[in-house]
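Okay, handing you the structure first.
The chains carry the letters A, B, C and D, assigned in the order they are written, with residues numbered from 1 in each.
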């Protein structure tokens, strides 16, 4: 293995002054040079890093820039499974997985991408296994699978109910094997730097020390995950803010299909912590206040295992019709997820993690008591617009995982497909980025942009002044989203929220009370809130414009799917006045849109 | 350095073996000196002399001397190694504990030899 | 109880001579965790509190700290279970303080990495281009499963008495993970790890004080892993030699 | 990042840190160290004291008067109290030591298993913990016995 040291060059403003560049504030910006820079260290980011290291035979230097410590990305909280066709001899098939995914997406998925995804998945499962993943096993020593919502075969590969956690640890541990992968932990990437629409690098802020650096690289991958913290009732950790999406958006890449936000049927009340779909896959049932298994009225065939959008709408309908319970402390209404029929043995074997969570956070033992649940923000189907290879419109820049929208999830993602997507496009983009970086040279650096970004952060925010508490802005934003862009939406509600968000954008929150350099999370949070506002605006505007109901986007005022006008992807481009929308067609190969029944 | 001559694994094996032997031999020593032989008698000159000159008890005392000191000084070495991790310190600790062990054993052995073979006065 | 007195140890090594304590009054609500209380103080009372957190459900391992003197995850400690109105939070011991409650994990991660926390195989071609899985019986998985629960939160490392003085000792987390891989029927790198651990500052400096296991929030029981691994180190033999790991499934 | 306070290592204070709950082993660890050092000191002293049997450092053989002189120093109330204390710590160190040797070779610490919340680490509730109590009780009994012999 070739041992390569990181080359740092120091940029002196004196030389740039002669060229007439903009400078101020601080005299130098550190440059950290590598071949491939990956932003984000979740499943997609780590998978991409390992693939880039493998594909280049460790000849390339790979930097992972992550705002958390690498193994703490929110992928750790994925619980139930990763879908793959492992047992065709027992009746599963690629066609079935493709069709289930397309149907689940309400026909908005690009079918060529879905096909590529499904075909690539089995070897990803085996690859993780070969790297040490503790998949749960069948008696004969082979990998076990279970039922998940929206599937016609039990193809969710699982490792107890901590799938994402184990995948993260396996990938992180495996990444430590490669000396060519260097982690920049707790570095907050702030902007993408490009030159003539070619990728040059990213700027980032070292949270630990307060330094600002330019990560110069030949190729880049954005793998920063979803934006679920636009909502306060979310399964997401606090770190799941749309930083990567915002960076791409600012760099001129459109955000695609952002109106489609998945609400998982079972978020535990009141914290929103996820109760995995596997709980229903293993036999859990949903009950309303009258003790009725209401799913039989909404999805007579699949019942609780209908796709997530269907189950979530059913729960909200029950609640709205007065058949829900009410949590006095938080005011949230909910239904019961009853797992008592599964049996103690199976629960301890396969749902150990959620049993622990329910006991610890709610004092409920799922073996004997039902869990209070309601739909909870869980996934963003949309994301950075990329092609089937995960490539963005900037040459040399890819995006993978939840941050990207390939799109295989269309209007509604099936459970167990998200970790799977991260693996597949992590690998694809890692390999392509490595190949690109091997062939190309470093681009010229537009120092002006780097210095402007530095000035924005330090002069604009760290040393800026203002009167509005940024955390209050964040809380208000989340309240608006919770209220108006939830499971059911209306034109009025979306418009109201959009207006409110635009007001907030103008407010005076871009400042730091904490002026210290070390571990200044205040500074990072203000930058996050800025991104959240812009991305929320895209979500609301896209949702407002799409006058139909499809998948997770359910409009009260337009309750039907409208394939004639809306079988197309939304694209949002950033302009000074706000998002500008455009559309592009859906790729349909084999499966013509049809009505969905579960 | 000590770890070049001996792996830590072997040192710990010695530590365990000397530990178990010490427990056994100390028990015998304590029981013999206080219970089997009444204490008052056990410390009398003639009794001590006869013990030293008893082939089994004499050799046992010598073995006890060695194992308990090896065990004790190695224990001390472990504690000292955990206090500071510089190369110099480690080397010094290794050398000093080895010398201390050897010197103390030598001095104790001298007592045993003189007690067995020396002329009574 | 309608409010809690949250006492945070404040310390920015760049600016402060020594740590000091600052008190915040935080409104209490049912089900509130210590992390919730800290975040309320951070969001609404003092933006400059330095604290690391993320998943808020005890999966990511970010928020280890001392709560009323006892090491625990802040997101996993309910205010109500403490039984006091006054809650003192301090950074974990044995980790350098970056600021306030946030500590530096560099050395900790480095030690984890040194013990090769990944599957080592002879059949590299198979390992990197699999056609099927390596076989592993459920009971074989069970032998390592509890050790795979490790979230790398560092609580065990912060209480280990040996880590407290011996900076070369790998610490409970790293050694327990070494055991997890040595014991994995698929792995063949056991002896290399045993050799790394067999040195004057290696596995032998564990004296089974057991504090690591007592504070582990995920039931990993590092002390158990270390003692079981020590048996292999003592023997100088791993359970499997190169080429002896479990075989890939073939039809 | 090298200043002492910032480093934040627990240091020797951590060797006798009582703040970890449910952790009798930690106390056993501390007392094993302390008693070990105590015993080493006593053994060195004992080697010095028994050398008076052969006339001290410069003696040449068993010497009755030198031995009597030695006994006159050690055989008194203080000497006997020290002896009783030595019996106490030797018994504890020995039994606890055997526990540690067995535990450190993976015996009596339980075995890995499928764990359930609330987690109770098997190594801390296996046979080994009972042996700590055995060591404490036997050490006290041995000390009482020694007292009855020396003062009885």
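In this text, a contact is a pair of C-beta atoms (placed from the backbone, for glycine too) under 8 Å apart; a residue touches a chain by one contact, two chains touch by 3 or more.
Predicted, not measured: the structure shown is a model, and the values here were computed from it.
Asks: Which chain wins if you rank chains by how close their C-alpha centre is to the centre of all protein C-alpha atoms?
Replies: Closest to the centre of all protein C-alpha atoms: chain C.
Asks: So the centre of each chain is just the mean of its C-alpha atoms; given that, what is the distance between chain A and chain C in Å?
Replies: For chain A versus chain C, the centre distance works out to 26 Å.
Asks: When the C-alpha atoms of chain A and chain B are each averaged to a single point, how far apart are the two points in Å?
Replies: 66
Asks: Rounded to a whole Å, what is the gap between the Cα centroids of chain C and chain D?
Replies: 31
Asks: Taking the mean of the CA coordinates per chain, how far is chain A from chain D in Å?
Replies: 57
Asks: Out of chain D, which residues touch more than one other chain, so two or more?
Replies: 12, 104-105, 114, 117
Asks: Two or more other chains touching the same residue: where does that happen in chain A?
Replies: Each of 360 in chain A touches at least two other chains.
Asks: By residue number and range, which residues of chain B touch two or more other chains?
Replies: Each of 83 in chain B touches at least two other chains.
Asks: Line, ring, star, complete or other: which describes how these chains touch one another?
Replies: If you draw each chain as a dot and join those that touch, the picture is no line, ring, star or complete graph.
Asks: Quick check on the complex: what are the chain D residues that touch chain A?
Replies: 114, 116-118
Asks: Can you check the complex and tell me which residues of chain C touch chain A?
Replies: Going through chain C, the ones touching chain A are 12-15, 29-31, 39, 42-44, 46-48, 50-62, 76, 98-100, 102, 104-105, 109, 112-113, 116-119, 121, 126-128, 130-138, 140-141, 144-145, 148-152, 177, 181, 184, 186-187, 246, 249.
Asks: Can you list the residues on chain D that touch chain B in the complex?
Replies: My answer: residues 12, 33, 36-37, 39-40, 43-44, 47-48, 50-51, 53-55, 57, 59-64, 67-68, 71, 75, 87, 90, 94-95, 97-98, 101, 104-105, 146, 149-150.
Asks: Chain C touches which residues of chain D in the complex?
Replies: 1, 3, 5-15, 17, 19-23, 25-26, 28-29, 32, 100, 103-106, 109-115, 117, 119-124
Asks: Would you tell me which residues of chain B are touching chain C in their complex?
Replies: Contacts found on chain B: 2-3, 7-9, 11-13, 78, 81-83, 85, 90.
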